[in-house]
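We call the chains A, B and C, going by the order they appear; numbering starts again at 1 in every chain.
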Amino acid sequence: MNLHALTAHALLDLFKSGKASAKEAYEAVVGRIKSIDPKVKAYVHLSRSQPHYAGEFQIPIAIKDNLCTKGEEITCASRILKGFRSPYDAGVIERIKKSGGSILGIVNMDEFAFGSSCETSCYGPTFNPWNLQCVPGGSSGGSAASVAADEAMWALGSDTGGSIRQPASFCGIVGLKPTYGRVSRYGLIAFASSLDQIGPLTKDVRDCALLMNIISGYDERDSTSVNEPVPDYTRALVNDVRGLKIGIPKEAFVEGLDAEVRRAVESALDLLKKQGAVIKEVSLPHTPYAVATYYIVATAEASSNLARFDGVRYGLRVQPGKVRKNALVDMYEETRSKGFGDEAKRRIMLGTYALSSGYYDAYYLRGQKVRTLIKNDLDQVFKDCDVIMTPTSPTVAFKVGEKVSDPLSMYLSDIYTIPANLAGIPAISVPCGFSKSGLPIGFQLMGRAFDEEMLLRVSYTYEQNTEWHLKKPTI
Amino acid sequence: MSQFETVIGLEVHLQLSTRTKIFCSCVNQYGCAPNTNVCPVCLGLPGTLPVLNHQALLYGIKVGLALNAEINSFVKFDRKNYYYPDLPKGYQISQFDFPVAKKGYLNIKSGGQEKRIGITRAHLEEDAGKLVHDNSGSCSLADFNRTGTPLIEIVTEPDLRSPQEAYDYLNTLKLTLQYLGISDCDMEKGSLRCDANVSIRPVGQASFGTKTELKNMNSFRAVKTALEYEVRRQTQVIIAGEKVVQETLLWDDEKAQTRAMRSKEQAHDYRYFPDPDLVPFTIDYKIIDGVRAELPELPQAKFLRFLSQYGLSEYDANILVADGGMADFFEAAVKEYPQAKKIANWLAGPVLMELNNRKTPIQELKLSPQGLVTLIAKVEDGVVSNLVGKEVLTFMLDEGKGADEVIKEKSLAQVSDDSALLAIIDEVIAQNPAVVEQIKSGKPNAAGFLVGQAMKRSGGRANPKKLNELIMRRITGV
Amino acid sequence: MPITKEDVKYIAALARIDVPEDKLEGMTKSLGGIVQYVEKLQELDVADVKPTSHAVPVGNVLRPDIIKPSLTNQEALAIAVEAKDGCFKVPLVIE
């Protein structure tokens, strides 16, 4: 029995019946990592701490390189944080440890989550387990690839504009971005504080519900965390969508959408219809402005969030050989210029521009206002629909290196995932087929704020009636 | 009469004495070993988040109310972005467009005139760390203990018209803030800091002149001196036909002059935007009323009450009110012994002198209101003279003993015993026949001289009233 | 409004990022492209729209004024690039 290939809930059943132990599972996964990861390159490094076998959910987990984990080097895949060993655990890491989870290691990402391909990492790219010449998506590319390649039972990622959902769809697994405030951001190295949310990447929907049960909940250290009771998400796993209303935005199926992706999502829709769901065409008229809004708001916040990486206290410090301005300013500029990659610099500059004197109203403030319009569009649709369905990404995974030189086209591929972040609502990506070239396709469901249960119910129904989630890549 | 008018606005930063810092749970304490009151949050470690200290918000509202300001019903925090090694996050959490309080005022007395100084706003923010220069002179050392200390910044309108007015405003403000019990207001420790904006303009001109910003003054006296210096400098610049340059100047107290900052900081473009890590606050009337209920009587109200309720002189009332501890002491004493004026005289006189000599606040003196009134009663009852009473006070403070004990131990009680006094009086009468004649011829006031002589001989311990009585009886037989 | 090299220099200085002369052209172009794209936001009339800074409204989150243990000096300095005399050592700062 290949323990590493199982879902977390299947493993838990084996633990319960005594047919396997947590130690065996952990060792099986580590063995898998050792044999496969040299090809996939999902991991930045394995955990420095030994697993401890106690607790209800002793499931080995992979952690994205932007979640502070005590004693581990956490770098956001950036040179500027090289050598930073976190002296504390993020809120979600505390919850994982308390539940019995063993941290396998730290997985790769786009530098500071700036990217959709995992190519901007200072450690080099991670590869898609379904085709090692393709990207795994991003920014949580390491999280998605590790789960898809059975190098982890499940993983944590973060999602600012699609960074959980898009790699989940590229790698053929399930990825959920919870409602903003559902999961504590304490210890998540911020990209855009008002958009970031931590969430699970799992092999199936049941695991997604289980991991949500572990990580969700109020944290007094995060002012934006919501103090509301957390339901048992596994109770939402019912194979029944009869009478549920699924909204299909007419803006979603337009130019730029790959024909294979379109077909796969449409047939998923048909299946749900056959299961009794009601399909409704809806409109999100401000969708065409979502990407522009996102790149203003997200980069503005990022430019400020990343100011703390200045070489003064921790991480990288570079002092140039000769004096340019003065020792201090030279150190700042040299450290940040050497420490950040091109995409990080580009976004910091863009965000600085959007906030700078004379431009604030035209860019940042206007962005925040359009954000309101986008949110209102969604609120309007949710008055009548239980979920909104779209593709997760307009294309399947692309080749490594294919889009690096064209940042704007990379940004535009986030068109489906960005609105959920702007509106703070939950959204999930679920596998729904493969391209002719054998690459996974996913659809996205968006739901009302704090109604993750509805997303899980519809996803679960779909999954129970398909077998996409059972497919494994050959590496 | 100068042809120029001075225009001054002040910014006061006040550290709030909450138990913990403004956005994390580290202790808010001065004087600890470097980097021992720090945590991942105030060190600005990646991933950490701020949560506002409830007490800091309440203190902010309190300051607003004390300054007659409007409390904003919607309050939020913003990031002020700039780089400096004492600022761990690369931004300071402050308040930009929705500060806790706005549009207030403070009445001051300056040169005998009452004047209302407008308060533009008061906003909460976090303090930065401290940089010390290493002995080697080749590097600086950063201590982040102070990082995250809650500050309230109080900004005036450009309403002040002279350095003296600025000085008087600062003293009035400080007293008001001290009454609130929210800060130790100690400039030496840096818990109260003041920057000044100053410009001059021809008398009668409506628009303001170009201002300069003065920093680095570490006493109110220094603020006044620096402003005087800067007004002179700007006047000379303009008279010479040149233009005042808008800049930030550092005051050098030793050299008594200003100097330009060496690091030419680029244009201040702080890129304020709402801090997404903090949520907005709705301050409703319930919260405001709660704070208002805790608001102590403020100095100006207390001053007026002391005049009307106790019939004190303005001089005495001023002295008592200038020190909240003294005013409280006074009222506690009056409860024990309803002789307000006498108590005020004692506090404004001998007690104040002792406080100055000992450089200690009244709260730390070994003297209770009961202790003081016991002493005053002894003087009033003639047990000791006024003069000896002051001596008794000194002993009481030195030794922490009660008036009775001191008087007994040191044998300081007045001698009222007739036989003992008569012996002295007889001697005095015998030696001053001329004076005796005067009294006899109908000038009883002359007896004062004999009382003085007798007092001398008694070593100050004789009861003067008794002496007068006995002398008169001896001479006139009445 | 097209973004100029001067704009890029100004932003770079604000962001404490050194953009050397030979990279200025490229950075101006790539930022310019994105700025041009986001210009489409100017098409919308947002005069009466309130800005959203928090999508999920939460308010009045406060922390009780209760002291919790800080890091020790050793723990704090364990992350330091350079430390001296209990402090973080930094390049010489001039006022």
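Here, a residue touches a chain if its C-beta (ideal position, glycine included) is under 8 Å from a C-beta of that chain, and two chains touch if they have at least 3 such contacts.
It should be emphasised that the depicted structure is a prediction, and the values quoted were computed from it without experimental measurement.
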**Study point:** More contacts between chains, A-C or A-B
**Key:** A-C
Practice item. Pick the chain whose C-alpha centre of mass, unweighted, sits closest to the average of all protein C-alpha coordinates shown. Key: C
Practice item. With chain centres taken as the means of their Cα atoms, state the distance from chain B to chain C in Å. Key: 40
Review point. Roughly how far is chain A from chain B, going centre to centre by Cα mean, in whole Å?
Key: 57
Exercise for review: State, to the nearest whole Å, the distance from the C-alpha centre of chain A to the C-alpha centre of chain C.
Suggested key: 22
Study note, to complete from the structure: For chain A, residue numbers touching 2 or more other chains are 84, 87, 194, 220, 223-224, 303, 307, 310, 312-314, 326, 328, 332, 352, 356
Practice item. Among the residues of chain C, pick out those that touch two or more other chains and give their numbers. Key: 14, 16, 53-54, 58, 61, 63, 71, 79, 88, 90-94
**Study point:** Two or more partner chains touched - positions in chain B
**Key:** 40, 43, 45, 51-52, 83, 85, 142, 263, 269, 271, 276, 278-279
**Study point:** Interface residues, chain C side, partner chain A - complex
**Key:** 3, 7-8, 10-12, 14-19, 27, 30-31, 33-35, 37-38, 40-42, 44, 46, 49-56, 58, 61, 63, 71, 75, 78-82, 88, 90-94
Check your understanding: Given the complex with chain B, which residues does chain A contribute to the contact?
Key -> 66-68, 74, 76, 81, 84, 86-88, 90, 185-190, 192-194, 220-224, 300-301, 303-304, 306-310, 312-314, 326, 328, 332, 352, 355-357, 360, 364
Review point. Residues of chain C touching chain B in their complex?
Key: 13-14, 16, 53-54, 57-68, 70-73, 76-77, 79, 84-95
Point to revise | Touching residues (chain side chain B, partner chain C) in the complex | key: 18-20, 25-27, 33-40, 43, 45, 51-57, 83-85, 131-134, 137-144, 250, 261-263, 266, 269, 271, 274, 276, 278-282
Practice item. Going by the contact rule at the top, pick out the chain A residues touching chain C in the complex. Key: 84-85, 87, 179-181, 194, 220, 223-224, 226, 286, 288-289, 291-293, 295-296, 303, 307, 310-317, 319, 326-334, 336-337, 340, 345-346, 348-350, 352-353, 356, 362-363, 365-373, 375, 407-408, 411, 422-425, 449
